[in-house]
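Chain naming follows the written order as A, B and C, and within any one chain the residues start at number 1.
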Amino acid sequence: MTIPAITNPTFNETFYTSLQTPPTGERVRTCLQCGMCSGVCPFGYVMDFPPGRMIAALRSEIFDRVMNTDTVWMCVACYACTEVCPSGIPLTEKLMARAKEELILAGKVPAELQLALENSQRYGNVLGQSPRKRADWTKGIQATVPVFGKEKKSAEVLWYVGDYASYHPRVQTTSRALAQILNALGVDFAILGPDEFGDGDSQRLAGERGLFEVLAGKNAQAFRKYKFGEIITTDPHAFNAIKNIYPTLGFAFPVRHYTQFLAERLDQLKPLLKQPVNGKITFHDPCYLGRANNIYDEPRALLQALPGAELVEMSHSGKTSLCCGGGGGGMWLDGFHWEKAHTRTSEWRIREALAANATTLTVACPYEPPRFEDAIKTIREASGMEVRDVVELLAESMG
Amino acid sequence: MNIVVPIKMVPDLVEELVIDASGARLDPDALRLRLNEFDDHAIEQAILLKEKGAGQVTVVAPDIEGVDDALFTAAAKGADRLIKLTGNWNNGVNNHALARVFANFIKTLRPELILTGVQAHNDLDGAVGPQMAEHLGMAYVGYVSGVIVSDKAQVRKEFPGGMIAEMNVVLPAVLGIQAAEKPPRYVPISKVRATMKTAKIETFPAMELETAGAPTTVRLFQPETGARATMLEGDADAVATRLVEIFRESGVL
Amino acid sequence: MNSDIFVVIEHLRGQVSDISYVMLAAARGLANATGGKVIAVMLGHDVEALARDLAADRVLYIEHAAFADFSSDAYQRTLENVIKENAPRAVLFGDTTIGGDVAAWLSTHLALPLVSACRTFRADGSAPKFVSQICGGKMMAEGDLPAPTALVLMVPGGYKPEQGRAAQAPELVHGSAPALDDLRVTVKEYIEPAVGDVDVAKEAILVAIGRGVQNQDNVELAEELAKSLGGVVAGSRPVIDQGWLAPTRLVGKSGKAVKPKLYLALGISGAPEHTEAIGDSEMIIAINTDPTAPIFDIAKFGAQVDMLDLMPVLTEQVQQAKGLA
């Protein structure tokens, strides 16, 4: 059923109608106002209009009031709301991201986020680093990391590295570890280097769909220059973008997250893992592997393969995993989030790891090492806890 | 009121600057250009004035690679007219020449107010604004961080230590903008792309370039970059003693 | 041809700015090379006394009520005459809110070449050279100081202001101003900076604390150290978040960018969000127990000691040094 057209629709009407794009958008009309979304949202209590109340505002035709608030920016696009919604409304993608989009169009963007978006646009990476230096992390390291280009035009695997894994000093350790493992497994791979642009998925969910499309177009152009069997990503956000959103733009490429790729090769990998791990490990399910894409087992399989591994689970795990706070723009809204909430989900998560008696918190998303390590510094009891990406533990065990 | 904003593109410092074979110029192939940050503020201030009912905003730029994007973005923010001046810009051009080109063209627009960035980081022969003002016979005030227009301009001029002078300026005038009253707004890419379809960039030929007035650079060189910190040895007492020496040597004490 | 070096003194509300003294120091070196004199040009209203410590051979003081404030129009019209009448070898202006309003206009009006962002002069026998600092300090440009008369806009950093201060008052002569009615640019009033607010962006000495400070009580130690040095305490994000310092003290991406003479970073790791805001500091000294902290990559000096141990002993030693000085 379509809503009859009205002459001179209000902003509320236009926006509400725009949300209802089939097949899933129409479900917004079936909202029960049960409150599950607002309740499970890690920052729902801070928002003036958490998801459920935002829909109520739309139905009451007072969405204009939402536009005069700024707490939509507390949304970290963690999919917790989408996961629990009994009506199956795509809240994260279709409601929260769209609300942010309207705020940006109205010129209401927090300054921190504005800079991140401008960096992405100008330099193709959200950190504002020189695009020419995107592959500099490969210089002087022990592992061999071929770059697609003049010498290499085809490979079995195109490793899409990503912004943080390319440029952020803490996350470059993850990249080096993954390179080491790929070498050890004899994988025929290459990276794009300066031809690679950021995935832009968090920026998309922060309301900049246009930016995402520009970056996607540039990546697709780069992908098409070379021959490869599949793409693997360091980053679950990139995995999500390439797998689920790129096809809506007209280009599809086979893609997996590195945990899936490595889990498939466990028989080959396991004998290489020599050094045992100490203490208890707990795995933090990244939102974009877990809730967004239903990948829970492969990272655990890799961790179980480590000699001496003792895996414990935190109170929120798997589908209920607690977001590190970096998605949906959160990575670039730390100051803003702190001022509104005076708490960080990353600190909450460290306390959960402590409560589970874990000594190592393992992650599989580049946003997480810097976020969790920062959180550890402010929690005295956690001073002995370490944060490691899954590949870092694997590489350390390989020796 | 006619508000004109002349803008220029400058080297983006995110990229490494490379000195060319002559040793006296930056290698243009290694340069990435971006809109001069202060000109971005000038555009924002002009749009803010327009939003308060001041009039029309015209943005004028030399026809250099990358300038189209800056012009369309200005239009997406609300600029009414976009103008590119075509000329022989390939060998880079100093501000004396650019000021002459701008003044020569802008006088045909008969603006009451010209807003431009107070400076640019690659300025070697003074800023463009005061030079344009002299050519046009207009008053000039730089380091401006607030503008109100009526029959005259009331501007806030910044002085060191946080002091501000509220000044009256007879129009027509050129103002060198240090900061717009609000930081330059964000324009979503979808809006810029939409603007590219509707806005038009007009082109006019620039006058012949006259470069007199600027110094000649004989040599470009990079300042000594600091290596990793010199580490001071010893316990807290020893380090403190050494620090006091360093403070003395550097004039802190 | 005149070989004198003129320096346009900048002053506001009873104070001569540091850049004026820097220029006098620069002018002395230039004058030694050209064989000329250093002439300080001061436009003012009842402020002859300010000329007392200018290290110049002569002060050309021009009195007019219009010079009670700085007006670009008034300065342009007056200096135009001064330069035409004297044809000096060089005229130095501060590359500032004062000099910037005047020099480039004069360059165009008098058809005299202009060098800006000048940090130092090189005068080793042959014709004097300028050395300017451009592109955010990443590039230096050197060239011959244009002849016969060059206008120069100077930035600080190449000379110490102390070198431009004189122990004895220089000779002072009076010049005359042209008619200065109908100024197009006039001051209506001044707005002072808010009292009680510290603006870290404008401080010369910053004692910056990071997570290593650990708790509120230890912030006191930093306050004492800052006081002894004549500076103020600033902080990185976590310190402000904990409420141990006011948000006005925040240095970093979401706070302020600073350019002090000394940035003493205590217990700050040097994450990009912080270091991008301190890159313009003249000298960064970093104290951190973690030898791999990235702050050491941009600091000039560092030490791997505990900041909580260092602060009290450093405060004491600084106080002693000042007591003796």
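Basically, contacts are C-beta pairs under 8 Å (C-beta built on N, C-alpha and C of every residue); 3 or more make two chains touch, one makes a residue touch a chain.
Here the structure is a predicted model, which is why all the values come from computation and not from measurement.
Greatest centre-to-centre distance from chain C is found for A, with centres as Cα means. If each chain is reduced to the average of its C-alpha atoms, the one that sits nearest the average of all protein C-alpha atoms is B. Taking each chain's centre as the mean of its C-alpha atoms, chain A lies 37 Å from chain B. Centre-to-centre separation between chain B and chain C, using Cα means, comes to 21 Å. Separating the centre of chain A from that of chain C, both taken as means of CA atoms, is a distance of 45 Å. Residue positions 111 of chain A each touch two or more of the other chains.
Listed for chain C are no residues, as none touches two or more other chains. Residues 12-13, 17, 69-73, 96-97, 100-105, 107-109, 111-117, 129-130, 132-146, 150-151, 153, 160, 162, 184-194, 199, 202, 205, 229, 261-262, 282-283, 285-287, 296-306, 309-310, 313-314, 316-318, 321-322, 325 of chain C touch chain B in their complex.
Within the complex, the chain B residues that touch chain C are 11, 13, 17, 26, 95-96, 99, 118-119, 121-127, 129-131, 133-135, 139-143, 154, 156-170, 173, 176, 212-223, 226, 228-233, 235-237, 239-241, 243-244, 246-248, 250-253.
Residues of chain A that touch chain C in their complex: 111-112, 115, 127, 169, 334-335, 338, 370, 374, 377-378. Only residues 101, 104-105, 107, 109, 111, 114, 117-118, 121-123, 128-130, 132, 207-211, 213-214 of chain A touch chain B when the two sit together in their complex.
If you check the complex, the residues on chain B that touch chain A are 12, 14-16, 34, 183, 185-186, 188-193.
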